[in-house]
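First chain A sits with chain B, and in the next complex the same chain sits with chain C.
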Partner chain A sequence: MEKQTITIGLPRALLYYRYYALWRTFFQELGMEVAVSGPTDRDILERGTALAIDEACLSLKIYLGHVAALVGRCDYILVPRVSNFGRHRSMCTRFESTPDLVRSVFRNSGQEFLSYEVDEEQKKDEAAAFLELGRALGRSPKDVRRAYKLAKKAQAAHYKARVQKYEQQYRRSGLKVLIAAHSYVIEDPYMGRPVTDYLKRVGVIPLRADMVDRDGALKHSRELSSTCKWEISREILGGIAMHRGDVDGVILLSAFPCGPDAMVNELIARRVKGVPMLNLVLDSQSGTAGVETRLESFIDIIRFQEGKL
Partner chain B sequence: MEHAYLGVDVGSISTKGVIIDKKNNVLASQYIWTQGDPIGAVKELVRLLEGQFDKDRYQIVATGTTGSARKLVGVILGATMVKNEITAHAVGTTTFYPDVRTILEIGGQDSKIILVENGVAVDYAMNTLCAAGTGAFLSSQAKRLGIEVEEIGDYALRSTHPTPIAARCTVFAESDLVHKIQMGHPREDIIAGVCNAVAANYLNNVGKGKKIVSPVVFQGGVSKNKGVVAAFERALGCPVIVDPNGHLMGALGVAILARRGSGRQNFDFAVENMEFRTREAGCGGCSNNCEIICVYRGSELIDAWGNRCERGARTH
Partner chain C sequence: MSEIKTRNVSFPRYAEYNCAFKYIVEQALGCKYVMPPALTKHTMELGTKYSPDFVCTPFKTMLGSMIEALEAGADTLLMTHGLCRLGYYGELLEQILRDLGYQFEFINLSEYDMSKKKEYIRIVRRFNPRVNYARFLVQFMEGLRMTEYVDEITCEYYKNCGFGPSDGQYRRAYQDFLTAMYTAQGRADVEAGYRAAKRALQSIPLSKPQRPLRVGIVGEFYTAMDAFSNLEVEQKLADMGVEVHRWMNVTNQFLRYGSGQKNLRVKVRDLCQYEMGPTSTANIWYARECAERGYDGLVHIKSAGCTPEIDVMPVLQNISADYKIPVLYLTYDAQTSDVGLMTRLEAFYDMIDMRKKVL
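So, the complex of A and B:
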């Protein structure tokens, strides 16, 4: 008897923006379907806010809203635990706690969740985690290894293409602003997208500190901090170190209240001098007026300096 | 006819307007309270400016608006330049004080710091979306103490022992203040303490990490408060310049920007007699439920905004 196709739900938030090519390819190569929640909108934010404790960051509130949107629509929802990739390569504790947190919040929903654990300080690497994940879904080790290999390839190719696209942008003429933000903040249609949309509308080229060669970024991050332990923050620091000379301004874009950003953005503000910088903290206001005032004046200041206003 | 330029700055608390000639001389100026009605305030402002203005000699050929209601008022006045307050203040201040290095600005809801080098704004910071330590805080504390907000400065200067008041957050400052009142601290000492708290809050938040270099110009509605000026001078150890037209700098700046801009539109004082109203229309096109603001002149929709996408575009 043939088994029905298994559907894996992927919440379109947090690590989705980092890993979607990997996840999608892996599950599809194993003959499964993936269901992705829709783009963030006010409904998702409100549902997530109601499910989260008040102190949770905006990104986590949005994540819970996306999980809620998938509940009942798939066999499993993927909620990984990604702790670290080794020493000084930690993820925010959010990514350590999400599986437990999600299981607890949705304990009465009847929904099943799927997880894998990356904790290289405890000798659990991603390849081993995916092998375990595939086997738990009833696939043979051989199939799982093959699917993981293809998924890694797809992920690398996808990321490389994106980095190349951004590298080309640096060669364009025009005002360029480097945005330092987590991918799940800047790519989210409700949080960061209005910022990049606004910049494009006023003729500014938005660039991304995290869209650089990751190995290079980790090395260059030491120019700004030799002790920063957060992987994504180090990629951002490295991206700034690599590109600060190529841009007219830097925007530190953060979702309230982000722990790593609270510290790292302060560090950036103190150590990166000689380039105009705007610190923009997003919260769940429905209007964009405050954000637009700050962006508009920031761009004016840059144009002032260049004598173009 | 000589050309003239109108600049209007509609903040949350006050509405300011100036008319300048092409050499930046002030031909008319006015400062009134917004009182939660930016449209009513701006119509009243236009009426008052008209009374001071020589319409036979000058024609207003460009209009600029700034302040938190700049968009709404820009539509009503047919503005040729709509600019944020930071840019407007920087332009206004550097025009009148070419040597200025630091601009402190505290308004009703916003506070900002602008650092200037060689007449060009090089860095700035603005309060986060929290309105702690702004004019709104002073107004509510004045009310609590039973005095007019305009009297705060005189009370503060009479104090010899300002009461220390927690300055980190307005909510804490308020409970601390209530406690000090009940403990029996004299009123002028408490008021001086409130002024110190405003200055300390500003320097610890907006001014954090910024190098404040003299000459320092202080403006915005709160600069009219002598108690806060004295508190800044004590904290910074340098004189703080308050221009008699300091409250008009945003309006002056945006009038200058309108003059420099390319847009031209003769201004008609008839707007003071027109009927304008706004309506909030929930979009309902998707679950974002954008709050769309529609502005009407009479029964005609003249502009609308607030939609995140085309589904929320309103044309009638």
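So, the complex of A and C:
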């Protein structure tokens, strides 16, 4: 008898943008299907907003909308708990709470959720977490290890290719702006995409602070902040430290009200001098006109300063 | 001869724990302690003015309190580490204060790896290189004991003060206790103050009904405990004639549960599989505990933007639905007004009072 394929749902929000190569390969190598929710749209945002606590950040609201879009469409929805990768390498506490938060919000939906836990300060690393995850899905340790190894490789290759693409952009001529944002903000079609799209449309090259060699970025982040405790913020800080000389301006792009960004962006604004900087906080507004006005004036300022206006 | 100058150390105002900070700084570390002025609207204005907009409110309160401490003569500020955004308070507070032009030494525990014991010795030596370690240990433990006494008496006070005599005797006994703690110079003072308070609180006659209204307080570690920050919500509830219970305090959170709260999580496994944030397990556990004990309501207190507490709310909503226990969710920011809070508390009180009579 043929075994029924298991479908794993991946909400296209938050950590999806960091881990999709890893997750996809891992589950596919274990012979499972992967269902990804569609790109963020108005409907997803509205569903997520209705499900979330008012004061939650825009990113979480969007995430809950994506989970809602997957409910009933797959056997399991993957909601990991990623707490930290060691000392001063934490994630926002929201990534600690998401599995239980999602289960609480959707407890009457009948949907099953799948989780794994990365908490290296409690000696739980990613490899062990995935081994446990694969075994919980009924696969042998040998298969799981192999799948994880391949997935890790795929993720590294995918990330490296993207970093290389961005590194090449630095050599292009033209106005370059470095955007400091979490991947799930800048890549989301409803949050950061309109910003990068607009910049490209007016002939500006948008670069990403977080798209750098991660180990190098973690080291360089210490030049800007010695006690920053968030992994993603440190990657961004490191990216700024490494590339601030190569760009014409910096945009601090965050989703309202991002906890780590509220503090780290303040510190960046106080410590990174000599380069034009725009602090842009994205809310769940319906149009992009307001954002475009601010970007336009920021670009004008840069061009004016450089005598090109 | 090079004289090592005695430091004037300060730590921002935090509930009624500054007496213990003072005791430890003076008796254990051999430094001087600069008591920051009591928190006022002015403190909040100062803090808000120089803080980033959407940082959590305790950051603004602490910044304001640090500015006031520096102006009161402090030359050394201490900032703690922490599991949430608190762990990044130190560096940003220092940067803002330096940008304002203040000169001081900043001891930021986030710079130390607090899982290593020898780091503690480094920290102690920074306060006072000539510290007497034997004395330090004895007096430090005494400071922790003072913290436990403060928590114990505070807990007893809010449970009963709504039923004390109308001449304010009960409140006075609590104030006398705090005064004794803030002025204690040694172990004898601490013990005497504690015993006097225990005796006083127990000897004052209470007129408590057989089944008083009982409300449990859960919430964020700073705002739920700091009476100024929560606009004295516990006193206000108690004054309406309510037994106010709060588990969350330094004793329970740190002195009894040092590393993780695995034994609390046992009972809430069905509600949350993992640790959801720094105080989440305790809050979820206590909320259910109150519900199971038949309390009449819960008040959830947090500052605006407190991520872990926002994330606990869906779980509390489920507890509320399952146990039919009303929960009042309060969010405090720098602008929250006394009047608005009072209106919400009165409505909450009327509702739980009515339910009690009907059920």
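Here, the second predicted complex is superposed on the first by the 309 of 309 C-alpha atoms of A that agree within 3 Å, B and C clash if a C-alpha of one lies under 4 Å from a C-alpha of the other, contacts with A are read in each partner's own complex, and residues count from 1 in each chain.
By definition in this document, contacts are C-beta pairs under 8 Å (C-beta built on N, C-alpha and C of every residue); 3 or more make two chains touch, one makes a residue touch a chain.
Remember, it's a predicted structure, so these values are computed and weren't measured experimentally.
Superposition model on chain A: chain B and chain C are shown accommodated side by side without a clash. Judged by the touch definition given at the top, the superposed model places A:Asp283 against chain B, while chain C stays out of reach.
With both complexes placed on chain A, chain A has more residues touched by C than by the other of chain B and chain C. By the touch criterion defined above, A:Glu55 reaches chain C but does not reach chain B. Once the two complexes are overlaid on the shared chain, A:Cys92 sits against chain C while remaining clear of chain B.
In the superposition on chain A, A:Ser225 contacts chain C only, with no contact to chain B. Put simply, the three-chain overlay gives an angle of 80° at chain A, taking C-alpha centres for chain B and chain C and rounding to the nearest 10.
Once the two complexes are laid over each other on the shared chain, residue contacts for A:Ile301 go to chain B alone; chain C is not touched. In the superposition on chain A, contact of A:Arg270 is made with both chain B and chain C. Using the contact criterion defined above for the overlaid structures, shared-chain residue A:Glu33 touches neither chain B nor chain C, since it reaches no partner.
In the superposition on chain A, contact of A:Asp43 is made with chain B only, not with chain C. Note on the superposed arrangement: chain B and chain C approach each other to a least C-alpha distance of 6 Å. Chain A uses residues 270 to touch chain B in one structure and chain C in the other. By the touch criterion stated above, chain C contacts chain A in their complex at residues 52-56, 59, 83-85, 87-88, 90-92, 95-96, 99, 108, 110-111, 113, 115, 260, 271-278, 280, 304-305, 307-308, 310-315, 317-318, 331. Residue ranges of chain B in contact with chain A, taken from their complex: 68, 83-87, 90, 120-126, 128-129, 209, 286-291, 306, 308.
If you check the complex, the residues on chain A that touch chain C are 53, 55-57, 81, 83, 87, 90, 92-94, 96-97, 99-101, 103-105, 107, 115, 117, 122, 225-230, 256-257, 259-260, 262-267, 270-271. Taken in their complex, chain A has these residues touching chain B: 41-44, 190, 194, 269-270, 276-277, 279, 281, 283, 285-287, 289-290, 293-294, 296-297, 300-301, 304-305, 309.
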